[in-house]
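Input: one structure, supplied below.
Labels run A, B, C and D following the written order; every chain starts at residue 1.
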Amino acid sequence: MNEAAITERREQLLGAYREVRSTTEGLIEPLEIEDMVVQAMPDASPTKWHLAHTSWFFETLVLGRVTGYEPFDPRYAELFNSYYESLGEPYPRDSRGLLSRPTVSEVLDYRRHVDQGMAEVLESCGGERFEELAPIVTIGLNHEQQHQELLLMDVKQVLARNPLRPAYRKLARGSSACVPPMEWQAFEGGLVRVGNSAPGFAYDNEGPAHTVYLRPFELAPRPVTNGEYRAFIADGGYRRPELWLSDGWSLVQREGWQAPLYWETDGARWRVMTLGGLREVVAGEPVCHVSFYEADAYARWSGYRLPSEHEWEHAAGEPTSPGTLLEDGRFHPSALHAAPSPGKLAQLIGDVWEWTSSPYVAYPGYRPFEGSLGEYNGKFMANQMVLRGGSCVTPKRHVRPTYRNFYYPHQRWMFAGFRLAR
Amino acid sequence: MNEAAITERREQLLGAYREVRSTTEGLIEPLEIEDMVVQAMPDASPTKWHLAHTSWFFETLVLGRVTGYEPFDPRYAELFNSYYESLGEPYPRDSRGLLSRPTVSEVLDYRRHVDQGMAEVLESCGGERFEELAPIVTIGLNHEQQHQELLLMDVKQVLARNPLRPAYRKLARGSSACVPPMEWQAFEGGLVRVGNSAPGFAYDNEGPAHTVYLRPFELAPRPVTNGEYRAFIADGGYRRPELWLSDGWSLVQREGWQAPLYWETDGARWRVMTLGGLREVVAGEPVCHVSFYEADAYARWSGYRLPSEHEWEHAAGEPTSPGTLLEDGRFHPSALHAAPSPGKLAQLIGDVWEWTSSPYVAYPGYRPFEGSLGEYNGKFMANQMVLRGGSCVTPKRHVRPTYRNFYYPHQRWMFAGFRLAR
Amino acid sequence: MNEAAITERREQLLGAYREVRSTTEGLIEPLEIEDMVVQAMPDASPTKWHLAHTSWFFETLVLGRVTGYEPFDPRYAELFNSYYESLGEPYPRDSRGLLSRPTVSEVLDYRRHVDQGMAEVLESCGGERFEELAPIVTIGLNHEQQHQELLLMDVKQVLARNPLRPAYRKLARGSSACVPPMEWQAFEGGLVRVGNSAPGFAYDNEGPAHTVYLRPFELAPRPVTNGEYRAFIADGGYRRPELWLSDGWSLVQREGWQAPLYWETDGARWRVMTLGGLREVVAGEPVCHVSFYEADAYARWSGYRLPSEHEWEHAAGEPTSPGTLLEDGRFHPSALHAAPSPGKLAQLIGDVWEWTSSPYVAYPGYRPFEGSLGEYNGKFMANQMVLRGGSCVTPKRHVRPTYRNFYYPHQRWMFAGFRLAR
Amino acid sequence: MNEAAITERREQLLGAYREVRSTTEGLIEPLEIEDMVVQAMPDASPTKWHLAHTSWFFETLVLGRVTGYEPFDPRYAELFNSYYESLGEPYPRDSRGLLSRPTVSEVLDYRRHVDQGMAEVLESCGGERFEELAPIVTIGLNHEQQHQELLLMDVKQVLARNPLRPAYRKLARGSSACVPPMEWQAFEGGLVRVGNSAPGFAYDNEGPAHTVYLRPFELAPRPVTNGEYRAFIADGGYRRPELWLSDGWSLVQREGWQAPLYWETDGARWRVMTLGGLREVVAGEPVCHVSFYEADAYARWSGYRLPSEHEWEHAAGEPTSPGTLLEDGRFHPSALHAAPSPGKLAQLIGDVWEWTSSPYVAYPGYRPFEGSLGEYNGKFMANQMVLRGGSCVTPKRHVRPTYRNFYYPHQRWMFAGFRLAR
């Protein structure tokens, strides 16, 4: 490749790097230092940890290959390793909230230090080295985008568990203005192609592209709404074992679930904790913060089912009316801004991740990333379910139709809803 | 249907009933009363409970529909309900071993009482009633066959956890005489039909038959052997996180696993607890009592993978050399009696259940059995993996190529091994 | 000592041995084999284990010193060791119910084997050896008497946790016929002598006798009754935190306690599980199966307090009207058979162990038994409370005024009640 | 009382109030905001919580009685209630570290608000009201002094659990300069008076003064040192069950204890985490951060015993050479500054709390404080042991010879050591 092309790519990559890094730091502006320390549950991490870990990623996997780079503090190598067994013994995940040091200010210094190292490397390394590093940097940027979403999920936990119910920041009011009517969209199925083969970045778990056989199916035009879900609750949804998977029913009883996470009631009406504080449940918004078990129970109650990830992806091949994403700044799943074109599926992308009926397993012929990055996705291919489509806190450039998100079926703190199929 | 045909079917069904019931009771002959009381872990049940619960099934689901039937003891309805929420609140599963009463003798009386009731009904009910009851009785017989296997699995737990290492009964010696060489068997794949559509009994979860698309694949001619598995252990298999799924690795560390369940070592050699007591590990026998995580880690270590359940089932459509089943009376996975015909897959049926790479989910268009029996299979379709093929303690008439067994990926007390694919 | 004297002591000791051993075996007559296998909770042990462990005691601590004695099964040394760290690693306490073998029949053979060994030794050993062994045998007999009581406590747990509520055996009806009126008995206190210095057997923890200073105090003439305790319940005793020690209140909430162990209500009346099965709560019987926390809360509610163990023991120096003990065959705390003499404290001995306000600690100058028997009592001197006086399942020759029983303040399955002081 | 006297007492009390409050705030100066948020274990609390809870105490128990006082935030009433059941349902203790809000800054505003309210009341209330409030204010000040010590204990936990081992502040070096030789001090015992009857403040649990009978005893001249304790470790102290109480031995095995809390070894030498960071273990300093079980095991190993709280208090009636307390600013137990006078017990007061052999129970005739303050001490009189004498982080005016501190026998994060008796 000629030098001009390399130079342009250097600039592009460094630009992308700076943009992603500054987006992350923009997210902490509304927060107090105290908010960034707390780990509200073992699955979640302190804000401070997200800030540090995303830097650790670049420091360890990029700068660690570069002669002459001085780590900010060699002890961070272990402290901010998330789960890479091949990179040493990670500090215990459930104890991240016990770390008062490094302070937020020290972590921000750490970020500056890494940013400077990255800028130096990307600006000055040889072409061959650039070819080696660029794909890792790109993974690092996608990694940091994931943590932007996680950071907001985890902050929401912190604020919601606080009896004072503080808001992250002032948000736009919700409304039910534009809820597409429930007209099923039909697909013929047959032999279809799924998985990623496009140029540009994709995670290893999105490939290889391959053929699957689908029976004809229909998809709901939009996710299930709060109003619809309230009818499920009112019909005894959380008290009827016949609607639930066995593991789900055990959980409902053990945890005393009666509604989605963050919903609370005084007996008369439902309110919901959002990043904008406690507010009324808006009927037309997509239901959010439900587990797979709740999505599955609702589907059984409704007489329909959840789509498989292949059905979902196949449908997403058509043009759709997107929902809101991180950059829209709503930070809460919304009804559509405007009516979708007839026949278009709405909100496949954005607003809420959509549970599918598909367990998260490898595609046929799956090959993990090389080296330590092989631990990124592959080792989690058990016991989790696939979600598709991104949410109101997913960065726009992060999600795509082939993107496979995955969570345990009991988890609820991500912005997850669902769409029906039949 | 004419009366003669009905009469013949009555006799057939009653004959089958008597045979299955007496097989169960034959299994307890080597046991002491004390052995039948103990529950060695929450997943397992006391022998006594199996004897009672299988009778409860017929009493509740068949005799409960018959006017004039007097239950043996009305309190058993709750006490011996396993997990049917629609039939009342089951007695807590993990407390079955706390029940000293009813005694074994009383449970056997209970069986007699139910047998008599069943004989009266099957001999004398009207044709229409017979048509209604016969399918339920058939499910009950298959259900009892499952509990024959469970009973032996659970007895093995009881005996193995005892430091005195008592034997269930004297067993034939194991040998490695006939281990087929490792010649991969190739399949073309493409659009193939899976799922049950044959006449005769099948569980609801085996259907509906449907089309799937398979890529070309190859299957190992036989399950992985103890000798091969010992090489995995010797190569640090249980100490290398890169070989394991994340959830599996946590488990290995938490539980300190170093070998399959029932294996023990004095540092020099491996011995294994069997239903015939403690004996040397025989290299040529299929490895058994491994979790899905271990099967998966071994496959990764070997450079191959586990087959999907569809691949397995498609291969099982060809003639194979069966392994041993319950009626063979070996009660332990064995090397083949005789060399298989060239090109035939060996031991697909029998010896060890084979873990597949497929999570246990509903087939497209799945319909549960009617009524309470809908709880039999469907509600477990989360977090479990499919195993295929039956084991040395599975009744011969119970297993078939479309049969889907399922266990959680961490479970090991069933007779489970695995076969490689690529 | 001359030979005749030795011979007489031999005969006495052997006679005592035979009587205690046969008393134990008499207790299992009403039981089914199944009842003897179950361990209803970690604190309790299977009947079978009690039968074996009491034999293990003689085998290990007496016969183990005798040349030529062949152990029944060398593996029992570990299997039936309760908690003697100096005698090897005990089999885990909470897993005793997992042992189906040895069977009851084998355990009884083990008892025969030990009995024969003991008879041979006691009849034939030299005088010096006899002097060495006799005190250990005596401890062994007292030890077995303790296990007679434990056996019945543990059997009661097994039967009570069974929804069928089986009875151990038919018991006499309870009545409230003779409940002494609530006339406080006054004691002057001052410098008094407590602890055992009498000839004859006493446990190490009963000594040395020593002087303590007591303020004047008064004792209730009898234990608190069911009727009185019911008033405490009716007055919200289990719902008022101000009545409880902090640890007790946590427990009440965590466990949902609403009444003594074994009490159950249909809303209208209280029934109680006894060794004779479920029966009405009899108002005049001493309340039983309460924890220290409940005794303490009741005392606070009543405006009085529990006596210290020194007060109790001092009072027990006077003649009293004894309650029922094991030999009375009532197996349940009873109101007195006959009116007590005026001014006599009733039921200090018998019916229910009485919680005192005294933590179980060493007396000044305490010296444990020699050797492994030093583990018998001393190592438990933390976190437990002293109970005094024996219960309806304590052997008559086992209890005395200086006897110190001890349990954790949360435990309830022993026959424990309490008496008020002020 | 005349007005001048009241005025003087007003000034004194307000002066004391201001001094105690400002001492607390002085303690947080070396801390980062992040340090004040973390709860390192359920027993400990965040600094922020201590700052708020001590203010809550005055707000609720003093200002709550004053007409016209506006609470800073009515929701704090529940949020900062520690354990007063009579004052509402306390926020769960183990979740204090989940609260990012109120921020440290808001908590300091809260303190200002309460301080202003307190100043107004103490300066202007009528004489009768003053008499009513003054004793509660005094309790509040003693309460806050306790929390000064707790705050430092809890900060130490936070810093010590951090792999970066940050220091609270720079501390003076330790030395072994002045360790009194091991000459036993004899006491005659007999009838002695214990408990508080002096004028001035004392906690309810220190009274009433009463007579006890003590046998002659001897006390060690000083607490056991690190050097002595190291010999216990080297002699296998943590591996020999015969030295331990049974509950202690279970704990040692379960937790893997091998040394006092905060000690760590690289195999060659021992280091210890202090408020000044990680440093060498100094042989002559009193051993610290040991549980009652360790103190008791050491005593058994040494052939001596722990003193009873009455022995300790009786000995403390004589003049002694005090150790360091909070105001000395050492923040770590030290060897004495100067040689003690001959025959004087050293360090009874200061340096380390000393475990006694006495369970924490009520003195005869004990009467709790009135009202909600009755929950302050009395409800904890179970399962805990008495410690005496104050530590290097106890305020000088807080401790006295009759002062009864209490902790569970397994706890180690307080500055606790011990002294031998015989």
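To be clear about the criterion, a residue touches a chain if its C-beta (ideal position, glycine included) is under 8 Å from a C-beta of that chain, and two chains touch if they have at least 3 such contacts.
Nothing here was measured: the structure is a model prediction, and the numbers come from that model.
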Listing by label each chain that touches chain A and chain D gives none
Suppose each chain is reduced to the average of its Cα coordinates; what separation in Å results between chain B and chain D? 60
In whole angstrom, what separates the CA-based centres of chain C and chain D? 39
Between chain B and chain C, the Cα-mean centres are separated in Å by 47
Select the category (line, ring, star, complete, other) that matches the graph of chains linked by touching. ring
Would you tell me which residues of chain A are touching chain B in their complex? 83, 85-86, 191, 210-213, 215, 241-242, 244-249, 292-293, 296, 357-359, 361-362, 364-365, 374-375, 379-383, 409
Of all residues in chain A, which touch chain D in the complex? 32-38, 40, 48, 75, 78-79, 91, 95, 97-104, 158-159, 161-164, 166
